[in-house]
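Quick heads-up: structures coming right below.
Two complexes, one shared chain (chain A), two partners (chain B, chain C).
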Partner chain A sequence: MGERWIGRPLKRVEDAHLLTGRGAFIDDHPPVPGVHHAAIVRSPHAHARILGYDVSAALRMEGVVGVITGDDVARHTKPFSVGVAAPVHYYCAATDKARFVGEPVAVVVARDRYLAEDAAEAVVVHYEPLPAVVDPEKALEPGAPVLHEAVGSNLASHRRLVYGDPERAFAEADVVVRERFRFPKYGSTPIETYGVLARWDPLEGVLTVWSNFMGPFIMHPLTARVLGLPENRLRFVVPPDIGGSFGIKTSIYPYIALIGLAAMRTGLPVKWIEDRREHLLASSSGTDRVAYRELAARRDGTVLGMRFRWFDNVGGYIRSPEPGCSFRPTGNFVGPYRFQHLEVEASTVMTNKSLTGPNRGYACGHLYFETEGMMDRLAETLGMDPAEVRRRNLIPRDAFPYRTPTGGLYDSGDYQAAFDRALELARYGELRREQARARAAGRLYGIGLALAVDPSVSNMGYVATALDPQFRAKPEYLPKSGAVDGATIKVDPLGRVTVVMATTPQGQGHRTVVAQVVADELGIRPEDVTVVDEMDTFTRFWSISSGTYSSRFGSVGTSAAALAARKLKAKLVEYAAHLMEVPAGDLEFRDGGVHPRRGKGPSYSIKDLAGRAHWHTQSLPEGMEPGLQVSGVFGFRVAEAVDAADRVNSSNTYGFIAEVMAVEVDPETAVIKILKYVTVHDAGTIINPMIAEGQIYGGALHGLGGALYEELAYDEDGQLLTGTFMDYLVPTASEAPVIEIAHVESPSPLTPLGSKGLGESSSMTVPAVVANAVSDALAPLGVRITELPMAPSRLWELIQAARAGAVARSTP
Partner chain B sequence: MKPPRFDYHAPSSVDEALALLARYGGEAKVLAGGQSLVPLLNFRLARPAALVDLNRVSGLAYIREAEGQVRLGAMTRQRAIEFSPVVAGRVPLLGEATRLVGHLPIRTRGTIGGSIAHADPSAEYPAVLTALDGEVVARSPRGERLLRAGELFRSYLTTSLAPDEILTEVRLPAAPAGAGWAFEELSRRHGDFAIVGIAALVVRDGPRCAMARLAAAGAGAVPVRLRAAEEILEREGLGDAAIDAAAARAADLVSPDSDVHASAAYRRHLTGVLVRRALHRAAARAGARG
Partner chain C sequence: MSVPVTVRLTVNGVPREGRCEPRKLLVDFLREDLGLTGTHVGCEHGICGACTILLDGQAARSCLMLAVQADGAEITTVEGLARDGGLHPLQEAFHEHHGLQCGFCTPGMLMTALDLLRVKPDADEAEIRAGMSAVLCRCTGYHGIIEAVKAAARKLARSATEGRT
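Right, the complex of A and B next:
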């Protein structure tokens, strides 16, 4: 057995380029002859009817070649399909009304971006301002301004999902705990913003679009339809490097349509690089949510059932893949707990805020913030330790693979072991003793716990959970399911190996990881594997679910590479058997070549076989295809369509996260100091621990943003209050706590390598663990954290109110 | 985020710069480190007809002592101030405040003159200038004049500098023997503008406090000198009770606003808390030396 590369913290082959400024991002794309630059005119109003445009002054400016308005958009494009039945007409720019501040209303194309921005100022749009609404609950009140007249209300989607018998669970409960939570609207602010470069070839009728789109590639056919192009006349090319995305760049596709339209109308290549102001104003974010939670339990701490009532705010239009904000975690709604009865009432609401979409941890940050808060409320109600309440409800290790009441199939895990590891690493008992000492001294010291099932590789089928079962039962309805990725391995005449992927990496180190996987499979060294990972829909394998999102790559991308390598090995064994005139069953592939299974005999290295296969095709056995190029497409069989009872295995592999945090709150300033933070992950087989650790760091900091710093905050009139990096605060290295990481490995039985995704990781637990730790610190004052982010000013006001309340209560 | 058209000039002397400002009749802006002005240009919030760039003017970056003052050329980078032995020895309050200004790349470009002329009320340097009752030198075609901190800051991002005037030097009184100092600040993140920042300097004279200087950043439209709180200390000394009384008084002296980061009530409360903390640290330092 040769060296194993999986499991080693290999340095990333990508980094030399990135660290020396040689990355190839969308803005670095080689100049396209005749390229012109776009500036987008955006609505200053949160809600306004568009009465007309005057583009004459802009067009008179020297160097301006065209202006596209909502009229052109309405005339030459179709609205995008949306994921709900409500008749929401979502075009790539406003046509009749503007429904959020920053919504595109026109595009100016000019010789350079400076000029384009000058001309954008000269475009006159006549608006009739309308009253705005930004709160998802207020938007559903009678008399609220209605954004979409055709829908008739601001409710884009409403589903009531019932699993088991929640009615009975609540009737039989010893205790019922209730709470209202508010989760903030925040994004990911990738260091590279959106970028689109579109070129129209009228002779062949092909629109080529270079962009930092990350998938899912379902958006490709959707965009083709909007532009009236056959799918094989719309070419998406993604540059080798994307400067981060975290889900946000899924939502670039309306701009692909808008800039594509500009290129088609002007007949010129058009480039648009989103600036930071545009990004904060109008790219994409997670939803803000109001949640009403109820939990039914027995006196011993056993959870019997839960009720979720959600109001997810998707902004001015529901943009696909929303309402994934509610349904992406359908299979793991119950998290790591074994209760069987659940009612979910999910309302997706449109308000005059910017649009939403996948954001690292898509919907799971919300889910666990609420659920883990409820577990603490239960512990408090019963006077139990929060660790004990959780332990009592964990799915036991012998229950895997575990089918959740909502249809999820948890492939593997040992939640108890991972949780114990976290408690032990954090020295939980010692922390509690420290807390007792601190409290006795009047200090506000708190300990938080958070557990989460970390879903990876979304099954595209979950999106249909948003539709009524009756709708899905119609004969013309096409069921949806799937999660696939492809890889191609080529061996050249000298035995060198090239792997071709199309997974749209955004900094995750796919090339490094694929080299590790293929090196192990073929018994060669990673440096002998060249990995090319560039998406081009005209030349690469892709399908509806392609792309890098929902922590797919560690699970499905690596599986495709392993599958292709295994097919190559099988072919090499068959070829060698033919050359050696022995049955293939007597041979095996190991240590970089084909060897007899038993005893001594001739062996063939990859290089031997490659030379012969390329130079001497006559030596191939009858029926064997010449060449050493093998493709593998890996798909999960467990990705099934949602059933009539709304059960769906919404992801394909499921990891686990257990976290412990200790904090101290300054009673005077309400500043939160993180004293200890332990995070334990089970993502199955870890391929590259250094990359895994990087993902956990990033995820944790991202979650810390939502917990303490980041919010796209709006005033009542729908104006964005945090439109620059002076006001929208992203945590930096200075804000990072010390992070103690450990892994427990329960390999997935569903993937060739046993690996699961881990890219979203602690982004989904940190909001919960920080809130729980701060609530615990403030428990002596009776303050509970139910809203994020916890800015010191807001927290101080909670403390003041609690103190005033305590004084009022103690005064007869 | 591209600025509208503007003319760009890079004069090599202050006189040349002044002539350019005069030529544009108030439509030109002076560019120093660019850490605030360039974003304003890119957001199209500032639309000057011209930029007069001082970065190539020689003789505007220096730190020297004269007449009991430390004098800093307007183009002295914050990074130079951070590591200046003169600053550390003679105006240590400025040194401590500097470490709270932005991050390293910002301090490498940002200048003391630019920061003060920009007059952000939540920035550190205007508060230090106010606390120490320093002055700035302003030059115009009419000659040179001196402006005290109290005369300079008018409102948010507004000074009494004339459009054809250039701030060329900042003068801070050197700390006397027995001085203790502290800059206490609370910001959302390291390097952000202060929610509230307090500049404090006290001079111990036996059991008495010979001098107290206090100013608040982030607590109003201009940096606020907290004179009535200083008087309590100068009257009652640096004991805990006096410090508490000064802190309570300080909170009454400010009239902060609410914004997305903090409410007015929180800022007022913080003013008291941070004055107390700053005074305790400053008093301890004064004690250690006196």
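Right, the complex of A and C next:
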């Protein structure tokens, strides 16, 4: 057995070009002859009827070659399909009304971006401003301004999902705990903004679009339909480098359609690079949510059931894959706990805010902020330790693979061991003693816990949970399911190995990881494996679920690479058996070549076989396909369509996260100081621990941003208040906490390598663990965190109000 | 459009010249007119720091100044860091310590770190964190970046000592 590369912190092959200024990001794309530049005119109103356009002045300006307005969009494109039954007409730009500030209303195309911006200011749009609504609960009140007249209300979708017998669980409970939570609207704001370059070739009828789109490639056929193009006449090319995405660049596709339309109408290649203000105004973010939670438990701390009532705010239009904000975690709604009775009432509401979509930890940051907050409230109600309450409810080790009441299939895990490891690393008992000492001295010291099931590789079938079972039962309804990825391995005549992937990486080091996987499979060194990872829908394998999102690469992408390598090995063994005139069963592939299973004998290296196979095809056995190139497409059989009882295995592999945090809150300034933060992850087999931990550090800081600093805040009229990085506060190196990371490995039985995903990782637990730690710190004042972000001003007000209340109570 | 002006400057030791509108940003001039796409644009309002370059030896935001203002200046961009076919110690340290993921903020990080370690070669961790907080990164959580700058500081200090003896 040769050296093993999986499990080693190999340095990245991606680094050299990125460190030397030779990255190939969308804005660095080599100039396309005749390229022109777009500037987008955006609505200054949160809600307004568009009465007309006057583009004559803009068209007269220097360098301007065309202006596209909502009229062109209405005439030449179709609205995008949406994931709900409500008749929401979502075009790539406003046609009848503008429904949020920053919504595109026109596009100016000019010789350069400066001239395009000049002319954009000269485009006149006549508006009739309408009343706006931004709060998801107020938007459902009678008399609220209605965004979409065809829908008749602002409710895009409403589902009531019932699992088990929640009614009875609540009736039989010793205690019921209730709380209302608010989760903020924030986005991961990748430092590289959106970018699209579109070229229309009228004679071939092909639209080529280069963009930093990250998938899922379901958006490709949706966009083709919008533009009226056959799918094989729409070419998506993704540059080798994407400057971060974290879910946000899923939602670039309306701009692909809009800039594609501009290229088709002007007959010129058109480039548009989003600026930061546009990004904050109108790219994508997670939803803000109002949640009402109820938890039923026995006196001993056993949770019997829960009720979730959600109001998810998707902004001016529901844009696919929303309402994933509600349903992405369907299979893991219950988290790591074994209760069986659950009711979920999910309302997806449209208001005059910008549109939403996947954002790192998609829907899970919300879910665990609420659930883990409820576990602490239960502990407090029962006078139990929060660790003990959680321990009593964990799914036990011997229950895996575990089918959740909502249809999830947790493939492997040892939640107790990972939790114990976190408590031990944090020295939980010592932290509690320290807290007692601090409290005795009048300090606000708190300890928070958070546990989460970390779902990876979304099953495309989950989105149909948004539709009624009656709708899904119609004969014309086509069920949906699946999660696949592909890899091709080629061996050249001198025996060198190239792997071709199309996973749209955004900084996760896919080329390095694939080289490790294939090196292990073939018994060669990673530096001898060249990995090309570039998406081009005309030349690469892709399917509906392709892309890098929902933490999928570590699970499905690596599986495809391993599968292709195994198919190549089988072919090499068969070929060598033919050359050696022995049965293939007597041979095996190891250490970079084909060897006899037992005893000594001749062997063939990959190089030997490659030379013969390429130079002398006559030497191939009868019926063997020439060429040493194999493709593997890996798919999960457990990715099934949602059933009639709304059960769905919404992801394919499920990891686990256990976190402990200790904080101190300054009673005068309300500044939160993180004293200790431990995070333990179980993502199955770890292929490259350096890259895995990089994901955890990054994910944790995203969660911290949402918990403490970041919010796309709007006033009541729907104006964005945080439109620059001076107001939208992204954590810097000074805010980054010290993080202690540990791993527990429960290999997945579903993947060839036992790996699972962990790209989203602590982004989904940090909001919960910080909120719980701060609530614990403020417990002596009677303050509980129910709303994020915990900006010092908000926290200070809570502290002041609690003190005033205490004073009022003690005054006769 | 106003009359184009000629801008002459030295970039990475090489005299360069271009003609552009007086309103053209320095970063756009570097990227579009000189073809130096290593310097990135992240916010165009001076906060994210992705466009940081050295202007006459000091870190500066190339999105906050015009190309004409840099006429006659000496500029170093990320393309000028590696010399003689080898990586700069800072680049090596970023590679060793996983100080980059997507690599988009990296040019700004490297140029900022270069300036920081020039001004304060013995910076401690808190000073490094404060100094590097001039550039935003959304991938790494800053852990690898801070480790890389600490390691580069040690390495540069060692080579400076060796240079003196």
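One rule holds for everything that comes next: the second predicted complex is superposed on the first by the 812 of 812 C-alpha atoms of A that agree within 3 Å, B and C clash if a C-alpha of one lies under 4 Å from a C-alpha of the other, contacts with A are read in each partner's own complex, and residues count from 1 in each chain.
In the analysis below, a residue touches a chain if its C-beta (ideal position, glycine included) is under 8 Å from a C-beta of that chain, and two chains touch if they have at least 3 such contacts.
What you are looking at is a predicted structure, and each value in this text was computed from that prediction instead of being measured.
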Which of chain B and chain C A:Thr732 touches, first, second, both or neither: both
Chain B versus chain C as contact partner of A:Ile691, first or second or both or neither: second
Which of chain B and chain C A:Tyr114 touches, first, second, both or neither: both
Chain B versus chain C as contact partner of A:Gly448, first or second or both or neither: neither
Which superposed partner A:Asp241 touches (first chain B, second chain C, both, neither): second
Touched partner set for A:Gly509, first chain B, second chain C, both or neither: second
First, second, both or neither for A:Gly316, with chain B first and chain C second: neither
First, second, both or neither for A:Asp275, with chain B first and chain C second: both
Partner chain in contact with A:Leu701 - chain B first, chain C second, else both or neither: second
Partner with the higher number of touched chain A residues, chain C or chain B: C
Overlap of chain C and chain B interfaces on chain A (superposed complexes): 114, 275-277, 724, 726, 732, 734-735
Chain B to chain A touching residues, read off their complex: 1-5, 39, 43-44, 103, 186, 188-193, 195, 260-263, 265-266, 269-270, 273
In the complex, chain C residues that touch chain A: 1, 21, 23-24, 31, 36-45, 47-48, 50, 77-79, 81-82, 87, 91, 94-96, 98, 100-107, 110, 128-130, 132-133, 136-146
Residue ranges of chain A in contact with chain B within the complex: 113-114, 117-118, 121, 275-277, 668-669, 671, 709, 713, 721-722, 724, 726-727, 729, 731-732, 734-735, 791-793, 796-797
Contact footprint of chain C on chain A as seen in their complex: 11-12, 14-16, 18-23, 25, 27-28, 62-63, 114-115, 188-193, 241-244, 246, 273, 275-277, 506-509, 690-691, 693-694, 696-702, 724-726, 730, 732-736, 739
